[in-house]
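Handing you a structure now.
The chains carry the letters A, B, C and D, assigned in the order they are written, with residues numbered from 1 in each.
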Amino acid sequence: MSADSSTRPGESPAGAAARPRCIAVLTAGGDAPGMNAATRAVVRSAQGAGIEVLGVRRGYDGLVTGDLEPMSSRAVANIIQRGGTVLETSRSEAFRHQGGRERAARHLKERGADALVVIGGEGSLAGATVFHGETGLPVMVLPASIDNDVPGTDYSIGFDTAVNTALDAIDRIRDTAFAYERLFCVEVMGRDSGFIAVAVAVGAGAEAVVVPEIPLDMDDLMRRVEESQNRGKRASIIVVSEGPRTGGVLPLARALAGRFGIEPRIVVLGHIQRGGAPTARDRLLASRMGAGAVQALIDGAPSSLIGEERGEIVRVALDIARQKVRKLDPALIDLVHRLSI
Amino acid sequence: MSADSSTRPGESPAGAAARPRCIAVLTAGGDAPGMNAATRAVVRSAQGAGIEVLGVRRGYDGLVTGDLEPMSSRAVANIIQRGGTVLETSRSEAFRHQGGRERAARHLKERGADALVVIGGEGSLAGATVFHGETGLPVMVLPASIDNDVPGTDYSIGFDTAVNTALDAIDRIRDTAFAYERLFCVEVMGRDSGFIAVAVAVGAGAEAVVVPEIPLDMDDLMRRVEESQNRGKRASIIVVSEGPRTGGVLPLARALAGRFGIEPRIVVLGHIQRGGAPTARDRLLASRMGAGAVQALIDGAPSSLIGEERGEIVRVALDIARQKVRKLDPALIDLVHRLSI
Amino acid sequence: MSADSSTRPGESPAGAAARPRCIAVLTAGGDAPGMNAATRAVVRSAQGAGIEVLGVRRGYDGLVTGDLEPMSSRAVANIIQRGGTVLETSRSEAFRHQGGRERAARHLKERGADALVVIGGEGSLAGATVFHGETGLPVMVLPASIDNDVPGTDYSIGFDTAVNTALDAIDRIRDTAFAYERLFCVEVMGRDSGFIAVAVAVGAGAEAVVVPEIPLDMDDLMRRVEESQNRGKRASIIVVSEGPRTGGVLPLARALAGRFGIEPRIVVLGHIQRGGAPTARDRLLASRMGAGAVQALIDGAPSSLIGEERGEIVRVALDIARQKVRKLDPALIDLVHRLSI
Amino acid sequence: MSADSSTRPGESPAGAAARPRCIAVLTAGGDAPGMNAATRAVVRSAQGAGIEVLGVRRGYDGLVTGDLEPMSSRAVANIIQRGGTVLETSRSEAFRHQGGRERAARHLKERGADALVVIGGEGSLAGATVFHGETGLPVMVLPASIDNDVPGTDYSIGFDTAVNTALDAIDRIRDTAFAYERLFCVEVMGRDSGFIAVAVAVGAGAEAVVVPEIPLDMDDLMRRVEESQNRGKRASIIVVSEGPRTGGVLPLARALAGRFGIEPRIVVLGHIQRGGAPTARDRLLASRMGAGAVQALIDGAPSSLIGEERGEIVRVALDIARQKVRKLDPALIDLVHRLSI
């Protein structure tokens, strides 16, 4: 990610907007652990700077229907450790249409909000970009997505927690794998990106990992399992991303059963990966990004995604962020293979 | 459970067998958290009483093939907190046949074992009863089953851990249920018994619970969900036992979708319920039962299941234990309904 | 505990009071995990029976100052899994005086409450008994105490969670004990009762346990540690109850250092034992007790502690409950010693 | 950290040593979660490259006494998730002296080891540097330290786990803080560096943080607590690093009690921070570093610390690593203050 596409918080952009007096904040798309920590950071950073905050309920939908209410510092007390989002979230059909977005803009104007902070995933970033384009309203986006698939940032809020939750589940499965059953296929979240799968596979000491980005080489996988059995490994775990691109865990399990004559045990981790108290890392990331978003608004920075690149909080202009491409590190997949011998 | 069918450790039986000099211990059937704590308790209680212990690998199968080795106190160090079973387990086809059992008895005799301790579930109890009947060898059975379906005891080793693991998973789901999705159907373990499902449903504040023992009244369930929505409940969770008797979670989810027009989210907890560090209660139960089994052998008690009834460790003669019937407490199902309003 | 001192929910007492129309509920004394589950059960059981509920804030103190507000079923949504108490708690100086209690009674009368449910520990039971004696108001007490020291019940709400929290901490310490340091002294809660210490010691596979109820035999303990070292044990953990009666962990550690020339590592678990999501068992206990308290009021039962004895929910008249004595099971201490060889 | 002081794995150094045929691996200093994952990565990376591995027991001490044995891939099965270190560790007095180091070098030579991998903290790095200087033996150091105080890397193995463990403990304390007690002072690890304290303080939403690197401004801290109370905050948590430089938690608690007339609750988290299953991040870091160390030896790179800088695995020559200085990010301390309003 090149330096020209993102700016550090210290740098002043030209043509800065006026400092906001009131900002609205919402959480959109699927919920992710750390959204509450981000909301808290936005509210308190704003209040510390003398800026009022309006909390929007149920994401873009609440913006369309005008479901906003003032949020004080006390309103975000004791939520930093909570999963889910106290602002609630939804997928909004109305906001996909220009009419809906116009109603949203009207509500913001009526309530005196002169900027918007959106905490959400890739779809929310797209919505925010369109909304900013149509209204000119300053919008800052905090990437929150357990799948870690938001462009313009190395890490999204919720990813670290989801990976740890999945790993904790696999640690339990491992007990049975070593005591009784021998071969487990575990499906994790990530329909379009294998970040969870790869991180989990390294952490779980898995035999192999199947991700949407890379076509499955079934022969290679079979060979790995066979070699692993020949080497006398007592237990093998294969991690698979969910969704149509990998086919999920079932066809793979069937193929393994056909080849080796033993029925692999199947586990679909599902929605448990989405909840739970955020990890330290997700709280820290959310807190830094939330403060960074408010600072960007105070600085009059262009509407941006507030990301983390190589450990630093950066501002990536919305349209540039959307053009970026998230790529899996092939070295990690290689690491899975090399360490499972 | 009447007093005449079980004896307290203090009571001396008539015609007591000679004190054993060497006992074999094995874990059989599906693994359960606390099996290691039970193994440790058997080994150390025996060694403290000057009795040698042989550890059998892979359950009854290792007995048939003669896979036994001496276990010292040091061999069970640092395992009390481990899920799974260091002795490993299996389902043994060979032990189902008399020939296999004869080989097993021969191995025990050759190695000098004059008693056997079996840590396992209902099937293991059945096998132990037949084996004792054919060989006359003193056998003590420790009930270990996350499903809590072993007759002759109120609680089996592993149940408390499995319920807490399932509940921890549902606590995560709850975050999403309150933030975003509204209706969750969660499938838990227990093909033939609803103990896990009912305990989880109470602990999770579920709307309803579907168990194998009680035919599903779909109209009643639909009415509950409808009333719950009318009362303004933001989130509903329905807990379902796995397996053919309930049909599992899919048909129920389909019926709910058909009726309410919203797709319930489905979670199948699966094998994660079987692993993990045992809870305090399971470690305590396993420790007491393990010590109780060795004491029963020292006392020359008849071959028994070592159970817990109303808080006390009891000995239930094997054939009597097998005739007992485990019953769900209907008051708990009623409690689920009354507290979900 | 004899059958004559406690009644099962089915049994009708003579001279039953009229069915209440409105009950007040409060949490008093130190907070315990499961208090929220109990509050939820009281509120929903009452509402299901057409009885109004007033929630009292900050324990007896809120009763004295009149800090009561109506609680609906929705007010207790999504709290079953939360540690602490949403009603808050306190130690009330005012309620210790008759004047304070008279003000409390006046507030209850003015607000139409014709019964009170108290969720708290031994001190709260004492307060409830005096208050009932002076006012004649029906009072039901739910025992909630991580120390498990409330008379009239085998288990108090919060105990199971506290023990599991302490055990989880010791499992972490065990990693270091086996890798590096050799001797750990761990102080757990329970100033006047060793229930936590003994349960933790069994579950942690501790070498020894020091409790307030039994004078420490230092020679015996030294001998145990020495033998354990001679047997080649790589790590030893000693569990000690806090407080003046045991002296806590420091003098013991000093004595061990003096004798063995190695500085034992000291860990004081402290307040972490008091918080966290309640375990399945504590949620179940709290739910059953909460429902049981409301049922007792509906039945017009005498003012009672709602306890659990040998697995069943029982009503123990307040003055009888207070005369009962909680006793440690010496067999468990013996079990610690026998299984640590 | 400038580019000239560290090299990326791709870059070839001049004068590369011959590819090793056998390497020894040890864990030294205080144990840290992830040490086992690192050991596994070293062993399997080496074996995959046809290099033999000798495991050294009890750190440098085992090197001095010649306690080495061959480790196969199977020897590191099922340890990636374990806290502590299966190789054990110690503080070695003998290795501090040249005579001890000469014996260590002799043992390595006799056993055919032509390189050494050390997994440990700052002291272990110092020892490795001296040993390499005296013997010329290639040595790679993997930084493992919960305190995160090893120079030459942004993150050390074990830090992320320790922070999450501390945070989980404070989440429990928070329950009580909001229900009952109001002011908590929590002491975390880090005698000479405040990394744990600052990360925990952000994640816990603490009021203030006291670290060894910055002299405590007691007036400022008192003012913060007072303002927080004036703003109506229900609960306040202050995080303090252990050790003589901060004075630990006691003097601070006394000062707060003197000023506000309420006794703050004190919690010393202690050794629980050192254990437990490593987080996903620590397993990933350990796996990458372990593989990176073996690759560095294969590449014939100069003896280095294998660190992570800005997300990338780097090689920092031992003498350069030791000159680097770890600095707390003052922006994080500022973040604690700004988000606790």
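Simple rule for what comes next: contacts are C-beta pairs under 8 Å (C-beta built on N, C-alpha and C of every residue); 3 or more make two chains touch, one makes a residue touch a chain.
What you see is a predicted model; the values in this text were computed from it and never measured.
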Compare the contact pairs of A-D with each of C-D, B-C or A-B and report the one sharing over half of them by residue number. B-C
In angstrom, rounded to a whole number, how far apart do the mean CA points of chain B and chain C lie? 28
Chain A-chain B separation of Cα centroids, rounded to whole Å: 38
Among all residues of chain D, those touching at least two other chains are 171, 174, 178
Considering only which chains touch which, how would you classify the arrangement: line, ring, star, complete or other? ring
Touching pairs of chains, all of them, please. A-B, A-D, B-C, C-D
Inside the complex, what are the residues of chain D that reach chain A? 40-41, 44-45, 47-48, 73-74, 77-78, 80-81, 154, 160, 163-164, 167-168, 171, 174, 178, 199-200, 202-205, 231-235, 277, 279-281, 283-284, 287-288, 291, 310-311, 332, 335, 338-341
Can you name the residues of chain C that touch chain D in the complex? 27, 30-31, 33, 35, 82-86, 88-90, 165, 169, 171-176, 178-181, 184, 265-276
